[in-house]
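Paired with chain B in one complex and with chain C in the other, chain A is shared by the two complexes that follow.
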Partner chain A sequence: MSAPLANPRGVALATRGRRSSVRTWRWSDRLAVLAAWAAGLFLCAVAAAVVIYMGYRGIEYLRPALLFSRPAPGVAQSETGGFLDPLLGTMLLTAIGIALAAPLAICSALWIVEYGRHGRARRMSRVVESSIEVVAGTPDIVIALFGVALFQLHALAFLSSTGEGGGVTGQSFIVAGAVMSLIALPPIFVATRDGLQAVPAHLREAAYALGKTRIATIRRVLLPRVRANLATGVTLGVSRIVADTAIVIVLLGDTLRFEPATGGLPGLRLLRGTGSSLTSYVFDNSPAGEAGAPQKAYAAAFVLLVFVVALNLVVERIGRAQASSQGLAADGGIA
Partner chain B sequence: MTTAVAELKSNEPERALTVPPVRTIVLDRPPEPVRPVSQRDAVRRIGLAAGPERLRLEEVSVSYGGKDAVRGVSLSIHQGEVLALIGPSGCGKTTLLRTLNRLTELTPNAARTGRIVLDGHDIHDLEDTALRARVAMVFQQPNPFPMSIFDNVAFALREQSRRRPRRAELEPLVLDALRRAGLYEEVKDDLHRPALRLSGGQQQRLCIARAIAPRPEVLLMDEPCSALDPISTGVVEDLIHELRRELAVVVVTHNLAQAHRVADKVAFMYLGDLVEYGTAQQVFEESRAPRTRDYVRGTFG
Partner chain C sequence: MMRPWSDRRAGGILGAASLLTCLCVLAMVAFVAVNAWPIFAHDGLRWLGPGGSIKGQIETMLNSTGHPPASVFHLRAWPIVYGTLLVTVLAVAIALPLAVLCAVFIVELAPAGVRGVMVPVVRLLASVPSVIWGLIGVLVLVPYVGNHLITTSERDSLLGTVQLTGASLLVAVVVLALMIAPIMVALICDALAAVPASWREGAAALGVNRPRAIRAVNLRAIRPAIVAATVLATGRALGEAIMISMVSGSFFFAPRPGDGLTFLFEPLRTIASTLVDYREGIGAPALKATLYALALLLLLSALVLSLGGHLIKQPLRRHQVPA
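Presenting the complex of A and B:
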């Protein structure tokens, strides 16, 4: 306590700090602060408006029966059923997309950070990184269109349903899931890469210094260490897939009910068939779509919103848990 | 004659050669667990007879991208003694240390010449994983792996063999390593706690336990105490002193007082050259080269 008092500069700083108030500020500072607050509050208001309005409408129209009944063709609203199929469709798409995207993204991140930083691999790893950036920046409708072009090839007919007259539709859960994996891949890749880059070099060396091979180091030291980054990346990937509409409409066939494919292996008929997701259900029931049942669109949109908000909370939770555990870690405790 | 005159000129007569620089440590409580430096010296200088030669370096040079970091170093490292590598920053101590378990090979542009012989075999002929199990290393930052205390030590033992040993088989070895590292009493109640929850000093002792678990012949330590508080430093130094019975220890340190406390042999390096190598007493009190004398007295560094 005596040290700051003995220092006349310290005292001066302290008193100025206490007296500082808006009245002594320059006009430009006041304006800047006002603008910053206004922008922040405006965004909060927009987010709150979306969530509150959708929540209000959703709770107004959502009935448990809607969640557990399948969509059905009908003229009256009471006959068209609920959105069980779209709900399950979203889950199926997510499972396929993540199952394909996670291993690809994690392996490419591992390769780039652990093997691709030196020598000839360096140029190649730059190419891989910018390719992933290109995929991340491509609009999903463009990716969907490319998917149609690819999966309508006769050689890939076994992956999708067959239309009347034997034409390949290029539409199925497998196809849509595979293309979905492209939009889930970049966030998983980036999260894993950044996590690996943040691992201090001496931790890897400690494993090598124990006589561990590279693969043992990756498996037992690096992957456990970046577990939280992986979880964040996968959750972000899931929320991308859950939120996507364009790929569903173009590549899943946009039939509200599951329509299993005919022929082929019995176990694969559902996966080769068409269906819908919550997003396409909302689209179809919105005034822009064909079914035109806005109440059901609101109810489904509310379920979707709950999904996405919950996923965002999970991401934030993981980040905070990681920050607190890293605080206790070795690299945090060095004075 | 001319060199002798130059040496005389560089000597400041009012400084006694026999006094090693001692760091003043300010603590908020009396440093009970650490014996005062003077007493510890008295205890420690009861030398252990040097055991068999473990590592021999013959004209070892290391360069990074054509730039020499270590030039023509020859020395031998015996079981039962602690070799301290001292010298100013950038003099090649850490590079030399990392060459001994071929960790420098992880740096893409590093090149080494000369021979390093471990128990009669050139380390170049050994598989690097096999070599590193025999020449263990402890780093400057305590760096436990993100797993439990038990698994940290068991990890070092586990993939040693092809067959995956069972937990029950590993347990005595793990407990033994923790005991030898002086950590067992503090962690015995919960070995399955995450290692990152330990304090810095405990983490460093866990790293030592992990390194000595596979019973290596040589233990390399790269400034093992520079991230630790004085009390933990004392504990780790006592441990180094204890461990030299069973293996050869090489310590890189910036702290001359520490070198004085723990080392049996001292090697002084300057700009990549081995300037002086001898027993701690020779180097600190009867150093031959004027550079060494200036460094150990704190004239530069």
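Presenting the complex of A and C:
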């Protein structure tokens, strides 16, 4: 311990202060505080740099015409059109993915919290929870390869198109959307499960005391109460789908425009066909992909970032509305 | 009036949905393992070792016919395994102290106004898509490193072996660390906020000043959360394919630490980025088995990581704040 420093204001401190003066700290402690401040401000600076740089490049290269014109093959940049198709592709994928993931995730969460508490069902709940954790931790490229293996089976050829030589391509909107639902599943599940677990027991007991069955309680009491958690979970799932690239470039065929499949029901041709999404468009137009058009890449990436930021704001808004409506102090944490 | 559903029927339907979820995951592991089997049947685990040029081996596989002879399965994947380990370990080593310091700053040291800014900032950083990180990396950082940080003598020293453009280990590690740090910050912040204030007040009552109290009490109390955050971040780093494929030079090369500073500027390839780069070759059966074997490797390491994280947390959990 260092020798106590002469502190001429010692008397004043003793009567006023509860905090130790920085003057009495060792250098290592001061350095630690400085390092913490530096780390925090550094992350802030990185975020600001990313947002400002993407914003600057986006505004430089994004013209409204790009958003509403379809991409076309061409040599010069002025001929290659915009990215309406990739934009619609992202929305279509999101719709399919959430439509498949949300019911599955909500039903699983409901079953685990309401029915899977006792006896044999408890072991099964733990298995389901662990398997959802496994999916959450799996890299998306592995999930994409699983999709390829699964949907190239001949039995599932109706979900995509068949190439010459009889091989199933295994690439279409339905296929990519179905695999996207796997990665949207964990956020929705976790949000719903946490919301259901946070519902106080006396609400359920009151419903049972009034003679309601469990399923009626779920439908009339619990689900309305966890609406905000559901909304948060679905929004998080949407942001995961929008941001994903690996599954798209492996499973969506990577054609610039929508290429509907031939044959079969006309309504399903678009879904069975190939296309692209914003993320694959950015990837293809960057120096890593085939087309070397960084301007288009910046414009599309800016639109993508705007989407993601908007989704983040939605989540935050839902969280704040829920906290205030339930009379709790606003959540000071991050997750 | 429709008869209300009985609990048993509803329970059955909901249980079936849960079972379906479970089956999807089992199907995933099964499909990847089955497709990866030919490589293991031919070579056991030797294919993970060093030997030969991967590019040549993959070319052979790509050009092989529908029923390739056993001699085609001769991939030696060590360079990409080594690349993956290198990038992951370095990125986590950088991101962990950064994340802990940042979390301590947010929860303990920041004034209320700054904290209100930091929380959305971290959330924003955590949700930036990896393709945007990759775009910034390849259009900003790679040219900067290529033009300003790599000297001509370094380029000449590797002239015959590999070409030093800016796409390198350095850019990959830096961007990956920035990608995984916000995830860790979020988890550690939540855990720090859950430490009872009375614990630190007890330390203050014993005369410990603030930074020391934080280090001795708060950081030790959240050790399970730090482990959980590290496991999550490592899993994310292992599986990052798109960003690494864009910034790391896409060259089958194992960076050599013996090269000194040039080590940081050498290109590499990781398992996940190989999967992305050769995704179109999945038609050729030999390459297909190879890609699935690499995917199985990733899957198993993700599983092992979560299991290991659970196991490490158990003994730490006894006197700590739960993660």
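In the analysis below, the second predicted complex is superposed on the first by the 296 of 335 C-alpha atoms of A that agree within 3 Å, B and C clash if a C-alpha of one lies under 4 Å from a C-alpha of the other, contacts with A are read in each partner's own complex, and residues count from 1 in each chain.
The working rule: contacts are C-beta pairs under 8 Å (C-beta built on N, C-alpha and C of every residue); 3 or more make two chains touch, one makes a residue touch a chain.
Keep in mind it's a predicted model, so treat the numbers as computed, not measured.
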Partner chain(s) touched by A:207 [first = chain B, second = chain C, both, neither]: first
First, second, both or neither for A:37, with chain B first and chain C second: second
Partner chain(s) touched by A:308 [first = chain B, second = chain C, both, neither]: second
Chain B versus chain C as contact partner of A:119, first or second or both or neither: first
Chain C versus chain B, contacts on chain A by residue: C
Which superposed partner A:316 touches (first chain B, second chain C, both, neither): second
First, second, both or neither for A:51, with chain B first and chain C second: second
Which of chain B and chain C A:224 touches, first, second, both or neither: first
Contacts of A:73 with chain B and chain C, given as first, second, both or neither: neither
Touching both chain B and chain C, residues of chain A: 213, 216, 333-334
Of chain C, residues touching chain A in the complex: 4-7, 10-11, 13-15, 17-22, 24-28, 31-32, 34-35, 97-98, 101-102, 104-106, 108-110, 114-115, 117-125, 127-132, 134-136, 138-140, 178, 181-182, 185-187, 189-190, 193, 209-212, 215, 232, 235, 238-242, 245-246, 250, 272, 275-276, 279, 282-283, 291-292, 295, 298-299, 302-303, 305-306
Chain C-facing residues of chain A, complex: 19-20, 24-25, 29-30, 32-33, 35-40, 42-44, 46-47, 50-51, 53-54, 103-105, 107-108, 110-112, 114-116, 121, 124-125, 127-128, 131-135, 137-146, 148-150, 167, 182, 185, 189, 213-216, 218, 239, 242-246, 249-250, 279, 282-283, 286-288, 294, 297-298, 301, 304-305, 308-309, 311-312, 316, 332-335
Footprint of chain A on chain B - complex, ascending: 101, 103, 106, 108, 128-133, 136-137, 139-147, 155-156, 159-160, 196-197, 199-200, 203, 207, 210-211, 214, 227
Residue ranges of chain A in contact with chain B within the complex: 118-119, 200, 202-203, 205-213, 216, 220-221, 224-225, 227, 325, 328-331, 333-334
